[in-house]
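Shared between the two complexes below is chain A, which has chain B as its partner in the first and chain C in the second.
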Partner chain A sequence: MSGAVGREAVFPTRQSLGLMKGKLKGAEIGHSLLKRKSEALTKRFRDITRRIDEAKRKMGRVMQIAAFSLAEVSYAVGGDIGYQVQESAKQARFRVRAKQENVSGVFLPHFESYTEDSINDFGLTGLGKGGQQVQRCRETYARAVETLVELASLQTAFVILDEVIKVVNRRVNAIEHVIIPRTENTIKYINSELDELDREEFYRLKKVSNKKQRDVAAADLEIQASREREAQKQLTGAADKETPDAPDVLGEQEDTDVIF
Partner chain B sequence: MEGLFFNVNNGYIEGIVRGYRNSLLTGQHYSNLTQCETIDDVKLQLAPAYGDFLGALPPNPSTSALAGKMTDKLVAEFRYLLAQATGSTARFLEYLTYGYMIDNIALLITGTLHERDTRELLERCHPLGWFETLPVLCVATNIEELYNSVLIETPLAGYFKGSLSHQDLDELNIEIVRNTLYKNYLEDFYKFITTHSDLKGTPTQEVMAEILEFEADRRAINITLNSFGTELSKQERRKLYPEFGKLYPEGSLMLSRADDIEAVALAVSISADYKAFFDAVGLTQGGSGIGGMGGNSDGKSLEDLFYQKEMEMSKIVFTRQFTPAVVYAWMRLKEQEIRNITWISECIAQNQKERIGNFISVF
Partner chain C sequence: MAGAVAYKDRQFLAVIGDEDSVTGLLLAGIGHVTDPPEAQRNFLVVDAKTENSTIEKAFQTFTQERNDIAVLLINQHIAERIRYIVDSYSEAFPAVLEIPSKDHPYDPEKDSVLKRVRRLFGE
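What follows is the complex of A and B.
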């Protein structure tokens, strides 16, 4: 994998090496932070999923009861009151307040339901017959809508969290599998290039010093040679003047014994 | 004496209605219906009684479609009776439709108040409450016009007169208008059956007076119970009580002063029947509050008991002869039957079988 990510296009200098090292460090810190964020979000996400499951089951039950209470109303009133209720309802009795909740930097909307008890637009519906059923049906449906509001707030949070978790995970993975290896590669590359340069430099210096030694040696030889030549010259001149062959006193030849 | 010439004009109608009565579902039918698993099964079970009307329904129809078709049958049968009726019987049958007219007019007034397209409202009107000038109501664009030029042309004009002016239509809750009209209607109907020369002293007067008195009392009690916790004042409430019935005048007065269920129970205790109802649903003990009114342990609410009583009275009407009151009784029974079937099919459709037996069957 790391082989495929390549490296960044930088000049292998010591400055960029420093930069890259800083970058690597930053990436590692960012990676661990994002990882933790993702974990926190996932935890929340699981919690929400569980609550959605519960809310959906509850909704199923509540809606069934509500639909049944509507059947009771139509039985008691003996007709359709839908239109009448529609027309006489002017203001919302059941209202929803939206709030924002901050979960590790993600704003989740949270809906809160409440009823305005002062508003009772169709309180007189079914006055002649079935009024109690109508009111009870309204209460049942209010409870059903409450569950729906709860579910809506959970679902919205679910969608938003899902999106955010995907983004965060993508970032975590990108940092883990692309940015960090690439930066490491770059550092390795810079290091190897710098080593290469070092070795070249060393070799060059060695060569230079070798050459210098050779030169010095050659110069020494020459000097010696010239000195020898001069000495030869002097030697030959002196030999001409004095006895050329002084007997070697330390030589092998037998001396005559001296007797005292 | 009244039997002597009754059949000359009305014998055919009575015969037809008694035939209709025999097609009402019995307890056996209902127990078959409650065994059904799907709406299609219900449809199949209903085939002998409603066959030709339910035939057009698609497979697994909605309960409202089913109820609509059953109502269509009732309407068709009633229209046939109305077409056959003459004289005071025709008048009597027209009285039966006024209740539906009140509902229709209330619907149209609601629509006009909110400036809806009244044409689509006409489709929602109950077919039995249809009268010739009903579509004309759509012409009116504001309440004043509706009142001055249109409502006075309707058969219900008399009920508006004297008790409601066009200012009232603007401000009053439509529910109060409806109940005022209904009160006037009941009183007028009562007057009709007790004073009309053809009906006075006949079995019609006897049975209808009893039924209407019960209806009036039921309305008074219901209005009182339902008005608790609403902005309806006691004076306004009192105006909605029909001025006859077993509870009138002492009981009505006590009802108009009632603040809670105990007071209502006290007011109705002058009639043994209603007292028994209140005892049965446990409202006299008090403490249960509004929430307890819906039903008690065996699932019967006060409304159920009233319906039960109404059905029994309607059933007894068929023991009398020479009276158009059988038409009234048949209509009530048929309506209850439609409600029962709707309830059963709702229970089946929503898979809530535990309360499926909560219908009222008297045969």
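What follows is the complex of A and C.
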């Protein structure tokens, strides 16, 4: 495991140990935050998925009703109005406005439908007959389109959330399975190296102190030896003083001339 | 945020559908024709004679070239004809929505988004 994850290329110093510890702490905090974000998003995602499922079913029903009302129109008008409608479409009366909603830092768009009441391209449609049906059909379809817009915003949110959740989960996993073990490995490595250094240092100090002790002992011996010699000398010196044949420096013998 | 700019001026819906669906949706007032020259409609009527390449082209135009479209509605049986494009389309904007048509009842199994939903929940 540790071999697969590896460690970071750092020098095993106390400073980088501190850095790594900070990094590990940061990674742990980041991991828990991201995990929570992912959970919040997933909750939202499930909610949206459920609503999409419902909305899709609702859409099926609504579109069926709308299609039926269109059939009523064709029956009442007594002909195909498709061509006329297509040609008279000029300006969109039904428009959407995009808003955004913030879910744990992710902006989800939300479409809101609104109608421009001043625009009416189909004033003449159904003028001859079936005007009422046309009117009803328009209302039915407008409601259907509202459902569709709602569904579209759910679906967009779904796509975006899906993407974001994937990214967040990838990050969570990367931190959990790569960054944290690697940092822990690095810390372990630095610790072991530092311990090794400590042991080396200790051994060296021991060696040094041993050497010092030896030196001191040797010096002591020397001093003692020299003292003993001194004592010996003094002893012999004292004995010498008694001897009468010591030369009398102040005596009457001639000093030898000193020639430079 | 960049995302806000991307959908700020998307305010129209576009349709690719059979005649009835398009007529109905146009009656609801979603039809829009841009100012000439280069007047562009935001709807395409597809019948049995329409080539697949025309549908593809319209799909590409609505999803990629035009940036004022928020939602693209496409009849499911038409989406079925260009399924490979619809399935590979994964952008958030515009949202592609498969809708049922009069002659073709809605089949949730074929919907590209519902398929993803199913796959995610392992059903």
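Simple rule for what comes next: the second predicted complex is superposed on the first by the 206 of 260 C-alpha atoms of A that agree within 3 Å, B and C clash if a C-alpha of one lies under 4 Å from a C-alpha of the other, contacts with A are read in each partner's own complex, and residues count from 1 in each chain.
We take it that a residue touches a chain if its C-beta (ideal position, glycine included) is under 8 Å from a C-beta of that chain, and two chains touch if they have at least 3 such contacts.
Since the structure is predicted, the reported quantities are computational estimates derived from the model, not experimental observations.
When the two complexes are overlaid on their common chain A, residue A:Phe158 makes contact with chain C while staying clear of chain B. Once the two complexes are laid over each other on the shared chain, residue contacts for A:Glu101 go to neither chain B nor chain C. Of the two partner chains, neither chain B nor chain C is touched by A:Glu228. In the overlay built on the shared chain, the residue A:Gln132 is in contact with chain B alone; chain C does not reach it.
When both complexes are overlaid on chain A, the residue A:Asp220 reaches neither chain B nor chain C.
Looking at the shared chain after the overlay, A:Ala76 reaches chain B, while chain C stays out of its contact range. In the superposition on chain A, contact of A:Ile52 is made with chain C only, not with chain B. The wider contact with chain A, measured as residues touched, comes from C rather than the other of chain B and chain C. Once the two complexes are overlaid on the shared chain, A:Glu200 sits clear of chain B and of chain C alike. When the two complexes are superposed on chain A, the residues of chain A that touch both chain B and chain C are 64, 67, 71, 80, 125.
Those residues of chain C whose C-beta lies close enough to touch chain A in the complex are 1, 3-4, 7-8, 10-13, 19-33, 41-43, 45, 70-71, 73, 90-93, 95, 97, 99-102, 105-106, 108, 111, 113-114, 116-117, 120-121. The touching residues of chain A, counted against chain B in their complex, run 64, 67-68, 71, 74-76, 78-80, 83-84, 87-88, 120, 123-133, 135-136.
Residue ranges of chain A in contact with chain C, taken from their complex: 49, 52-53, 56-57, 59-60, 63-64, 66-67, 69-71, 80-82, 85-86, 89-98, 100, 107, 109, 111, 115, 119, 121-122, 125, 134, 137-138, 141-142, 144-145, 148-149, 151-153, 155-156, 158-160, 162-163. Residues 63-64, 103, 106-107, 110-111, 113-114, 116, 121, 124, 126, 173-176, 178-179, 182, 218-219, 222-223, 225-227, 229-232, 240, 290-291, 293-294, 301, 303, 335, 339, 342-343, 346-347, 350, 352 of chain B touch chain A in their complex.
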